[in-house]
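The structure follows.
As written, the chain order gives the labels A, B, C and D, with residue 1 at the start of each chain.
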Amino acid sequence: MAVQLCADADEAVAGVQDGSTVLIGGFGMAGMPVELIDALIRQGATDLTVVSNNAGNGDTGLAALLAKGRVRKVVCSFPRQSDSYVFDELYRAGKIELEVVPQGSLAERMRAAGAGIGAFFCPTGAGTLLAEGKEIRVIDGRTHVLEYPIKGDVALIGAHRADRMGNLVYRKTARNFGPVMATAATTVIAQVREVVDTGALDPESVVTPSIYVDRVVQEASA
Amino acid sequence: MTPDRPAGQTALGKHDIAARIARDIPHGAFVNLGIGQPTLVADHLPADAGVVLHTENGMLNMGPAAQGDAIDPDLTNAGKIPVTELPGAAYFHHADSFAMMRGGHLDICVLGAFQVSASGDLANWHTGAPDAIPAVGGAMDLAIGAKKVFVMMTLFTKTGAPKLVSECTYPLTGLACVDRVYTDLAVFDITPRGVVVRETFGPTVDDLAGRLDLPLIPAGD
Amino acid sequence: MAVQLCADADEAVAGVQDGSTVLIGGFGMAGMPVELIDALIRQGATDLTVVSNNAGNGDTGLAALLAKGRVRKVVCSFPRQSDSYVFDELYRAGKIELEVVPQGSLAERMRAAGAGIGAFFCPTGAGTLLAEGKEIRVIDGRTHVLEYPIKGDVALIGAHRADRMGNLVYRKTARNFGPVMATAATTVIAQVREVVDTGALDPESVVTPSIYVDRVVQEASA
Amino acid sequence: MTPDRPAGQTALGKHDIAARIARDIPHGAFVNLGIGQPTLVADHLPADAGVVLHTENGMLNMGPAAQGDAIDPDLTNAGKIPVTELPGAAYFHHADSFAMMRGGHLDICVLGAFQVSASGDLANWHTGAPDAIPAVGGAMDLAIGAKKVFVMMTLFTKTGAPKLVSECTYPLTGLACVDRVYTDLAVFDITPRGVVVRETFGPTVDDLAGRLDLPLIPAGD
């Protein structure tokens, strides 16, 4: 259905339900939808499962969401960073669940959710702690782990430009998880630096086609 | 006038069926129109409907068929017919295109059919003739992909055999995948309760029940 | 390893072995690497398995390769077209094997080969003739078919432009199978309309990165 | 001088190991350098080597670290350090980037390690300490992805424990995935016959065999 162009980030995140699974883009700060996360904190949804590459750093963005006690579980590849003290403290206090997923399997599991793949056999992690309890199969002499899709109720992503139909382009390595998460959630919300007229993006270079995007908001700081 | 149009009734021709389907496509929907008659639906979508057409060979926001100088061999639809692009189009490769479809991102897909069963099984790829060379194309992907699968067909074959049946006799394209069937004589919803007659074009529900070998539920029941 | 810029199509297809699996791009004529197919006919490799969306039409290109008796098996989604008489005759005479694969599964199986996925559960074709003999599993209430990768020894693809490193861009719907096949074969050979200097393609718009491309040849007719 | 460098021997420092690895990277290779010491290898690749660096956060043909005005928050490596782009670069999303890696398209990946076993098992993500917060990042994907996996590490810990071992005691990153181990004291090939000493920097093979708890095969045997 047609994209909703939102006046501000609060409008963009309206209606996120308690208990939702929220995919949050970004790798470090590149591609991180900071304004959407801040708006989600104001919006108040709680008991969330957050899927993101990291588990927040410093006191802002995802770390601030965690600090407010809104997140029940984090699914990520790398929670432990030099300044991930908010997550670290919650984790050590037993106040937050953690599922660690190899970074490529995290991306591929979201892709599977977006692509209608029911499950896939993946060589990553075979024979390691992260495969414990998972189904294993040897295919062509190589051990594979059966991985299931990760689907979001909501995705919050950062992109560079949107057109008024909701087509998105990214910039450099800030692309990272955005295009994959955009395929994997029921409601996809994009924060962009600029909204341009429909027709202003080269159809050969659109990375996330409009079909995947539900709401777009231009950054207030842009 | 369709060959099976019963005398004295107001059965729809293929353009009328296409127009009827177009009326049920909501504003802003993302839609794939199958090869053949379903492509006629595009002619009945108002320009301001904001409907975005997907073609599975790798494009969103496909425009009308290309004419004259606008014909570009690099730009075709799934039927390999030259088409045009509309502002806001996007191109993508085949794996991404079918991921989009299989992942349930299209709102509606409109397909032709040899047969549809009461439980929504679809047969539209293979007549089952022993010497037929099998060829499926994207039919099976389309059948299971969209949020809603609409079928566009005549209700009876040229020889009068029903195409809405209790069980398909032709090889299946997909199981329990059809949501609604638009025909020259009526529109049917495939529901967990059974086949609901949404609307008829001439015959009564009882007329249809007499010619089809399956139970029909009148709309509103 | 660094891409080989070839002087002509014959150099580009040199060394294709008898018995190879050859992925051939294109959907109808859009993206069809006609000059590479003609060169493969001259090169003489035989007993080939060809993976392509169609099984050739008319008397040229893939149909000509079939007519020379070089192809043992065709893996495709749609062999039967109005002018696929070369294939039709070979098939009815029992002179060629056919594996029909739904179009999306064909693309996804090649993607799996390129992406290191051992196998995947796919809803397409469940309950149909094309799933017969395949492993079935119900996941989240939906029946899925286990599909295995399709890997090529060689891929012949058509693209629009290459840079001198081998990065490729395509044009409109001629993109189709090219980018997927480029990931799925040991030796990837691209026919392009134009070779441009390295740096002339926008890094945001490269569709097939150079890592996937082994040989590039500019079309003689370009 | 590395802390474990035995007196009177010519053990390599980390920059020398990086230079030694760089010499084994063929012209035109596609290479991923892991976070930490492996990134030093880039400093020893001649500009005309045509080596193309991959960073798993979504880029090929990454350039050196960005300085001053060239720092762009949208352009970082996997260690989240600002970098630059070289002509012929390409950007792609995370699923495509890890598909590239998992699919075996990279020629070489260079990783750090806590331990490598005689059969090529790699341990580099987790110390196994009971209070450690597990964090894997791309380590497991890198371990199983490239055509050749090189490890760069000191041969012994600061307390003198061997890091090339018969069996890893730390939690594994990948099974039988390492091809070659570059250390301050020697270069080892992990082969089906066992651990082959390719080259030593000071000690003899017998010296090394005396300090490592596994059989060593001299090169050329």
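Observations
Keep this in mind: a contact is a pair of C-beta atoms (placed from the backbone, for glycine too) under 8 Å apart; a residue touches a chain by one contact, two chains touch by 3 or more.
If you want to know which protein each chain is, UniProt gives these names: A, C = 3-oxoacid CoA-transferase subunit A; B, D = 3-oxoacid CoA-transferase subunit B.
All values derive from a computational prediction rather than experimental measurement.
Rounded to a whole number, the gap between the C-alpha centres of chain A and chain C is 33 angstrom. Inter-chain spacing, taken between the CA centroids of chain B and chain C, is 29 Å. Centre-to-centre spacing of chain C and chain D amounts to 35 Å, using the average Cα coordinate of each chain. Multi-chain contact residues of chain C (touching two or more other chains): 108, 111, 115-117, 122-123, 170-172, 203-204, 207.
The residues of chain B that reach two or more other chains are 85, 91-92, 99, 101-102, 144-145, listed in rising order. The touch graph of the protein chains shown belongs to none of the named shapes. Checking each pair of chains for touch leaves A-B, A-C, A-D, B-C, C-D.
Chain C meets chain D in the complex at residues 1-2, 111, 113-117, 163-165, 167, 183, 198-199, 201, 203-204, 206, 209-212.
If you check the complex, the residues on chain A that touch chain D are 27-31, 77-80, 88, 91-92, 98, 100-108, 110-111, 122-130, 143, 160, 170-180, 207. Those residues of chain B whose C-beta lies close enough to touch chain C in the complex are 55-59, 72-77, 80, 85, 91-95, 97-99, 101-102, 121, 126, 131, 133-141, 144-145, 171-175. Of all residues in chain D, only 26-30, 50, 52, 54, 60-61, 85, 87-92, 99-107, 144-145 touch chain C in the complex they form. If you check the complex, the residues on chain C that touch chain A are 108, 112, 115-123, 137, 139-140, 142, 144, 148, 169-172, 202-205, 207.
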